[in-house]
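Each chain gets a letter, A, B and C, in the order it is written, and its residues are counted from 1.
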Amino acid sequence: MDYFIELFCSGLTRGSIYALIALGYTMVYGIIGLINFAHGEIYMIGAFTSFIVATVLSIYGFPLAAIVVVAGVAAAIWSSAYGYTVEKIAYKPLRHAPRLAPLISAIGMSILLQNYVLLAQTSDFLPFPELIPEFAFMEPIAHIIGSSDIVILLTTTVVMLALTFLIKFTRIGKAMRATAQDRTMALLVGINVDRVISATFIIGSALAAIGGLLIASHIGQINFAIGFIAGIKAFTAAVLGGIGSIPGAVLGSLILGLTESFATGYISSDYEDVFAFSLLVLILIFKPSGLLGKAETKKV
Amino acid sequence: MMNKLILEVSGLTMDFGGIRALDRLDLDVRSKEIVALIGPNGAGKTTFFNCLTGIYLPSNGDIRLVSPQTGKESRLNGLKPNKITEKGVARTFQNIRLFSQMTVLENVMIGRHCRTSSLILGAIFRGRKTRKEEQETIDKSYEILEKVGLAEQANEFASNLSYGAQRRLEIGRALATEPFLLLLDEPAAGMNPQETADLVSLILQIRDEDHAILLIEHDMKLVMTLSDRIFVMDYGEKIAQGTPAEIRVNRAVIKAYLGEDVESDNA
Amino acid sequence: MITVKEVKKSLLVSLWFVFLTFPLMVIKVNPYERTVSWRWSNMLYVAIGTFVISLLAKAWFVRKERRMARQQDSCRSRTPIIQKILQRPGYRYPLAAFLLGAALAFPQLFSTYQANIMTTALMYIVLGLGLNIVVGVAGLLDLGYVAFYAVGAYSYALLNLHFGMGFWTVLPIGGLLAALFGVLLGFPVLRLRGDYLAIVTLGFGEIIRLILENWNAFSKGPSGISNISRPGFFGMEMSLDQAMIYMYYLMIGLLLVTIFVVNRLQDSRLGRAWLALREDEIACQAMGIDKTRTKLIAFSLGAFWAGLIGVIFAAKTTFVNPASFTFMESAIILSIVVLGGMGSIVGVILGALILVLLPEYLRALSEYRMLAFGAILVAMMIFKPEGLIAGVRRVYCYQGRKRNTALKNDE
């Protein structure tokens, strides 16, 4: 039973990290209908930035709390900056191009960013500093759920609540929802669609950066290629939940996290990634609109 | 009632989430007839075409097609669009959907696709049968281009044509599929008077070549001169039907168009 | 042409990039020795580089706009010189004959090593032409193309290992197996929208690779299968050099066949349907084209070619392992198609030669190879989506009553 709970908890942790990345996919898709292939790379850059900042600060002897905060903020800022720039360079000029063009451009961006980090930094796996301490009060249940799992779950919950608030009640959130529903209409009622799109990329990237920081300190190492698999998995989660739907992304991520956790725990860990990919292929074939997405008839 | 029935639609309903775009619509078309479908914007006319051609799956109702040549009867509900085209129904689109990166002639040749059959091996080895088929495709497409007055521009890109010419090319492309029922969605939209006049004679010519035509159009003069019968729609419902003379004096139609009495419209 | 305002803008862009790349380009930490190195010189390179690129991009857009304006005035599209040469039969055939002669003489004039590199380039050309059917002509973004390549390679490796089957027997089998995989995958997924198709094929490619990596009993896992037989030539014994050169000529032969077939396919009822599908699926269906079937044919034909080259790859290297079939391989082939020009045979050949030979001969560049591929995909989409050489539409001749109408237009 303990094993089951352990797998359940690690599945939730996994799932909540996927959710942080999946939200970026789903939000961007909701607004401009594009699969942002480079989103996994934004997450990787978030992890890398936090790695660099945290390591520098720890070398210069800063206290742990300061390191965590500064590394988190730096990761969010730079990931957002990358997300914003990627949109401006690779997607914005192609808004009216044939449908294949932005997709190819996105794939190019993903390859470009991955290799940029590889060349600017290194291809080796790097040890990520331990940012989350083992809490003493966690001692009795440490064998089923670690401190970092708790921190990850709490952080993602807070972030989700903040995002929900932002989208429901703020001005930019309302503009985002309007743009997602009907871009032309939003434009006509005076919403600055360019700004909304930029904001979407910035918010999605910041979320991915937080995910990057959390998972890197959870796993303890990073390299330039982590974005690829994480990106596809988060995308799977977003599609599972129904792409374009924010609650769907969270639901899909949790389901994916749990599935993976149980499948690797009870079946075999060799095929960890195969489970996710197979799930992706199966959903797209049998229910492409996802769990919470709505099936739409394209207007002709 | 001398002409044979070729299309009979009964109780056709189409829901989009909460919106009912078509509400228990009945309609029939007989061979060699020009039938007009009119109504204000958003009445559901294009939706009706989309249901007929299999692009939307209707929520309810029945679409029956009878081939005038063979007398064979078939239900169109749930058939794929390409099957419906094979059965002899072709259409144009309200928002022109030509293949803009292909030449004018090639656009029409695409229409011949469902009347030809060569596949991979035919394409690679190009045997006698394939060559004959290809040449036939080219020749027939050319003839159609001459009919719609575009033979001169055969090798231009479709996107380089003027607006009116693009609409004629859409008609030509549809004709290439050898339909007995042709659906035209606002063919005169955006045309100048001269182009409209040409269009009228083209439509009449097509009718005389044994095609029945179902026509959505806003240009009332054109509708009144061309059609044998008119169906009027509003809010997804049929509000009137009859000959042009009858429709001209129909109270419900006048109300729908001029909106005399807005409250009772919503009832 | 470049105003002060634009220079100022470019300065801002370059400043932004200095900020953007600061943590990754400037700071480098060594977490083991706990040292930090600040690489300030990189900042300068980034500043200068982005400034220049930004100015060039601006200039390009200005030029493009002018050209568009001029085109609208004269109502005539300007075709590039290469295109004009290619369109003239008078130039085209001598040029093709010359290239063929050069290709045939190549191993005689240069070393076996060079011939070997060329063989690789030829393989990528054929892979590019295969993918071109799928992506360029039919407009189906297949990101798992490498999976079919892997199917071909492993069919030969395994059939050779277990049953001792020879190259020439397995060549068609490998192609057909790959095509079968294409049908099996394509049947359910080709109904999907374009972007979903891209992701599913990507996932499929990864599944195949992961299975090859982990199913040791079947594929011998990451260590792969070695000692695969080279192709035979009527039972002749060949030295390594001879075998390489034989491989080269074999590839030339396959390339010629591929060009012939692809050319015929493009210029056929099927080819037109693919092009039309790429543009507008709904209009296609309304014209009576069976969408799924037509796509499936393109998809599995592309897979067939990947399978063929897979078999050849296994025979050439005499060794296969899963590491040869990563997503990056699919990305390289996609870059070839995109750079060359989607739907253009000459374009794909040119694209493959550039992308394979350039990093090979400019060793200094090879480190930046993947970076460049990424940049190419983005830059081509923004600046020149039609590729280096755009596909040309054919002019058809009408044999009916007005025999001359077609010829008149064909200046």
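One rule holds for everything that comes next: a residue touches a chain if its C-beta (ideal position, glycine included) is under 8 Å from a C-beta of that chain, and two chains touch if they have at least 3 such contacts.
On a predicted model such as this, the values are computed, not experimentally measured, just so you know.
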Touch-based graph of the chains, sorted into line, ring, star, complete or other: complete
By mean Cα position, the chain sitting nearest the middle: C
Which of A-C and A-B has more C-beta pairs touching across its chains: A-C
Chain centre separation (chain B, chain C; CA means) in Å: 41
CA centroid of chain A to CA centroid of chain C, Å: 30
Intercentroid distance (Cα basis), chain B paired with chain A, Å: 47
Per-residue overlap in chain C, given as positions that touch at least 2 other chains: 279, 282
Residue list for chain B, restricted to those that touch at least two other chains: 55, 93
Per-residue multi-chain contacts in chain A, two or more chains: 300
Chain A - residues contacting chain B, complex: 294, 297, 300
Chain C - residues contacting chain B, complex: 261, 264-265, 268-273, 275-276, 279-280, 282-291, 297, 301, 393, 395-400, 402, 405-406, 409-410
Touching residues (chain side chain A, partner chain C) in the complex: 34-35, 45, 48-49, 51-53, 55-56, 59, 74, 78, 81-82, 85, 89-90, 93-94, 97-105, 107-121, 126-127, 129, 228, 232, 235-236, 239, 270-271, 273-274, 277-278, 280-281, 284-285, 288, 298, 300
Residue ranges of chain B touching chain C (in the complex, touch as defined): 53-55, 80-82, 85-86, 90-91, 93, 97-103, 105-106, 109-111, 113-116, 118-120, 122-124, 126, 130, 133-135, 137-139, 142-143, 146, 151-152, 154-155, 157, 173-174, 176-177
For the chain C and chain A complex, residues of the former touching the latter: 16-17, 19-21, 23-25, 27-29, 31-32, 34-36, 42, 135, 139, 141, 143, 188-189, 192-196, 198-200, 202-204, 206-207, 210-211, 214, 279, 282, 327-328, 331, 334-335, 338, 367-368, 370-371, 373-382, 385
